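Two complexes, one shared chain (subunit A), two partners (subunit B, subunit C).
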Partner chain A sequence: MKLLIYAIVSVKDAPGTLNSLLTGMKGTSGMPLYSVPFNEVSVVVSNINSEGLNASQTDAIGYAGLIETLAQKFTLLPMRFGSVMGSTQEIADMLGKNMNEILRNLEKVEDKFEFGLKIFCDSEKVRAGLKAKSAASAKLIDKPAPEIKHSVYLDYVNQKLKEHRLEELLMAYVDSVIAEIKGTLARLNSIDKFRKTGAEKNIIDAVFLLDKNKKAELIKVVEGFKKQYPELDFILTGPWPPYSFIDITIK
Partner chain B sequence: MSENKLLFNTGSLDELSQEIGEITSTEKSKLELNPDNADSGLAKLVLTLIELIRKLVEKQAMRRVDGGSLTDAEIERLGETLMKLEIKMEELKKHFNLTDSDLNINLGPLGDLM
Partner chain C sequence: MHDNIIDRSKDVTILELLDRVLNKGVILTGDIVISVADVDLIYLGVKLMLSSVETMEKLKSGRYITSEKA
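Then we have the complex of A and B:
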């Protein structure tokens, strides 16, 4: 019988606690959860019934919910929905081959949660604001390309150049916002990942890995960002299991 | 998302809902190829790639114009080329009944292509 894997859990501090937590808990398709122990870690699994894995959205949400419940009590490496292995022996073999990498990743996320930050803006308004704010920038944007004679092609280049310069201004602004946020979060000892989306509204996506007890501090910091950048909207979510910070290729 | 996961929010959640909708919906990014629509399905894929390359070329060209490395005559010729490329793309999109958003395929967590 195949096994669906939920997470690799560090049990070095409380070896017996995981099994008592799993008692009575049901996994995907209502199958009971249990653990496969190996040295300092245990893998949380459930059997897959004979009909196979049902990959419905409800099951995927339930799967994520279970990992979240486990993450409240343990340091863990969450697995992707649909991670299946053939037997407990296969799991033990996989753990044996990858133990160093698994322990390195568990150490990185120990007692930490992931938080997500999405930053939205009305790009058109921000572009207009940037243009108005900087007289020098505005002058630069209106400066035409070297003129040889008036032609439809030159007008076209000038129009494209204006758009290009505004885009560069917006990107520089986004970079400055990211630098400011990174600097502030460094004080919370966070590990972070930022992504400039290039989209019109959701301009920045970020995730942070922070100590579990720093949630309130993080909220205050983001409140401060809103005061600093009233033209931007912030959506902070979490705490999440450390989905974005696991760096491991299973051998 | 459960209520307690939303720690701080200063705007409308519409944008977030819209984004989640785009990620979970496969319609926008799906390339539908079947015997009845092989032409338009393939055209969508090919035009998406062409549009991406055209925009990259345009961006690089503007960098060079901005950097002052082109002569006046080169800028003129560049303008003519870029303009004709854009007009041709518009014609092709019209021919295959495609819009800009059709070509801006969603790459899931990576966001939109363009």
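Then we have the complex of A and C:
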């Protein structure tokens, strides 16, 4: 009988509470949930029948829902969907081998939630704005251009150069947005990760790890960004369990 | 209410949720068979990785099939 693992939960403050919460809760394929305790942590699991798990998207969503429910009451490390071990003894061995890393990660995410921020833009519109700005500043330092004969090749090179400059301007703009957001969020003591996607519309993907009680402040900050950058769309999601801030690969 | 700013549209929430539960969190060696929506079963070997929602979409449209084995 294999075990599907949902989360590694810190139970140092309330060792008995987890089991009473799990009583009556069903896991993937309707299997009952239970915990495997080891020192200050417990691993939440359910059994998988011998044929293995034919998991669907619905199962993945249910799995995530269970982790969210647990995260409301406990500090935990969510497992990636489909994490399976052979027995409770295997789990205990795994915990013993990795306990330092597990405790370090649990400490990092204690009393914190993750939020996601996706930033979208109408890149054509932003490019047009940047182009206009760039043209205006070029005029200010305009020098008479030396007379050069036009050719197909020269026109092609000039065109490519213009496109390249525009891309550079766009990247500089994205960097300035990230710097502004990072600076503002520093006030909330958040841990953040930003990714420039290089996509046409979804230009920035960010995740923040924030104290649970700072949700309202984060929302206020993002509202401020919306006003500051009317050309951008901000999509804030969360609170999530701290999926994106765990740096541990179980051996 | 401030909370209006948090996106709760079903599509965004599900995509974000799947992205997290399939791509992030603690990685553990394992062994499982997964099917995603109407996609045929994908056997994912010793190290389980169903890489991303994007991959799922590619799988659905039959354009791309992958599995990662440790």
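Everything below uses one rule, namely that the second predicted complex is superposed on the first by the 235 of 251 C-alpha atoms of A that agree within 3 Å, B and C clash if a C-alpha of one lies under 4 Å from a C-alpha of the other, contacts with A are read in each partner's own complex, and residues count from 1 in each chain.
The criterion applied here is as follows: contacts are C-beta pairs under 8 Å (C-beta built on N, C-alpha and C of every residue); 3 or more make two chains touch, one makes a residue touch a chain.
These numbers come from a predicted model, not from an experiment.
Of the two partner chains, subunit B is the only one that A:Tyr153 touches; subunit C does not reach it. Touch criterion met: A:Ala64 reaches subunit C, while subunit B stays clear of it. In the superposed pair of complexes, A:Asp233 makes contact with subunit B only, with no contact to subunit C.
Of the two partner chains, subunit B and subunit C are each touched by A:Val222.
Contacts of A:Lys108 after superposition on the shared chain: neither subunit B nor subunit C is touched.
Once the two complexes are overlaid on the shared chain, A:Thr249 sits against subunit C while remaining clear of subunit B. Look at A:Lys182: by the touch rule set out above, it reaches neither subunit B nor subunit C.
By the touch criterion stated above, A:Leu161 is placed in contact with subunit B alone, subunit C being left untouched. With the contact threshold set out at the top, residues 57, 219, 222-223, 226, 234-238, 240 of subunit A are in contact with subunit B in one structure and with subunit C in the other. Against subunit A, in their complex, subunit C makes its touches with residues 2-3, 5-7, 12-14, 16-18, 20-37, 41, 44, 48, 50, 56.
Put simply, subunit A touches subunit C in their complex at residues 2, 5, 8, 52-57, 60-61, 63-64, 67, 77-85, 94, 116, 216, 219-220, 222-223, 226, 234-238, 240-241, 243-244, 246, 248-250. Subunit B contributes residues 1, 5-13, 15-16, 19, 24, 58-59, 61-63, 65-66, 68, 72-73, 75-80, 82-83, 111-112, 114 to its touches with subunit A in the complex. Within the complex, the subunit A residues that touch subunit B are 57, 115, 118, 120, 145-148, 151-157, 160-161, 164-165, 195, 197-199, 201-202, 205, 215, 218-219, 222-223, 226, 233-238, 240.
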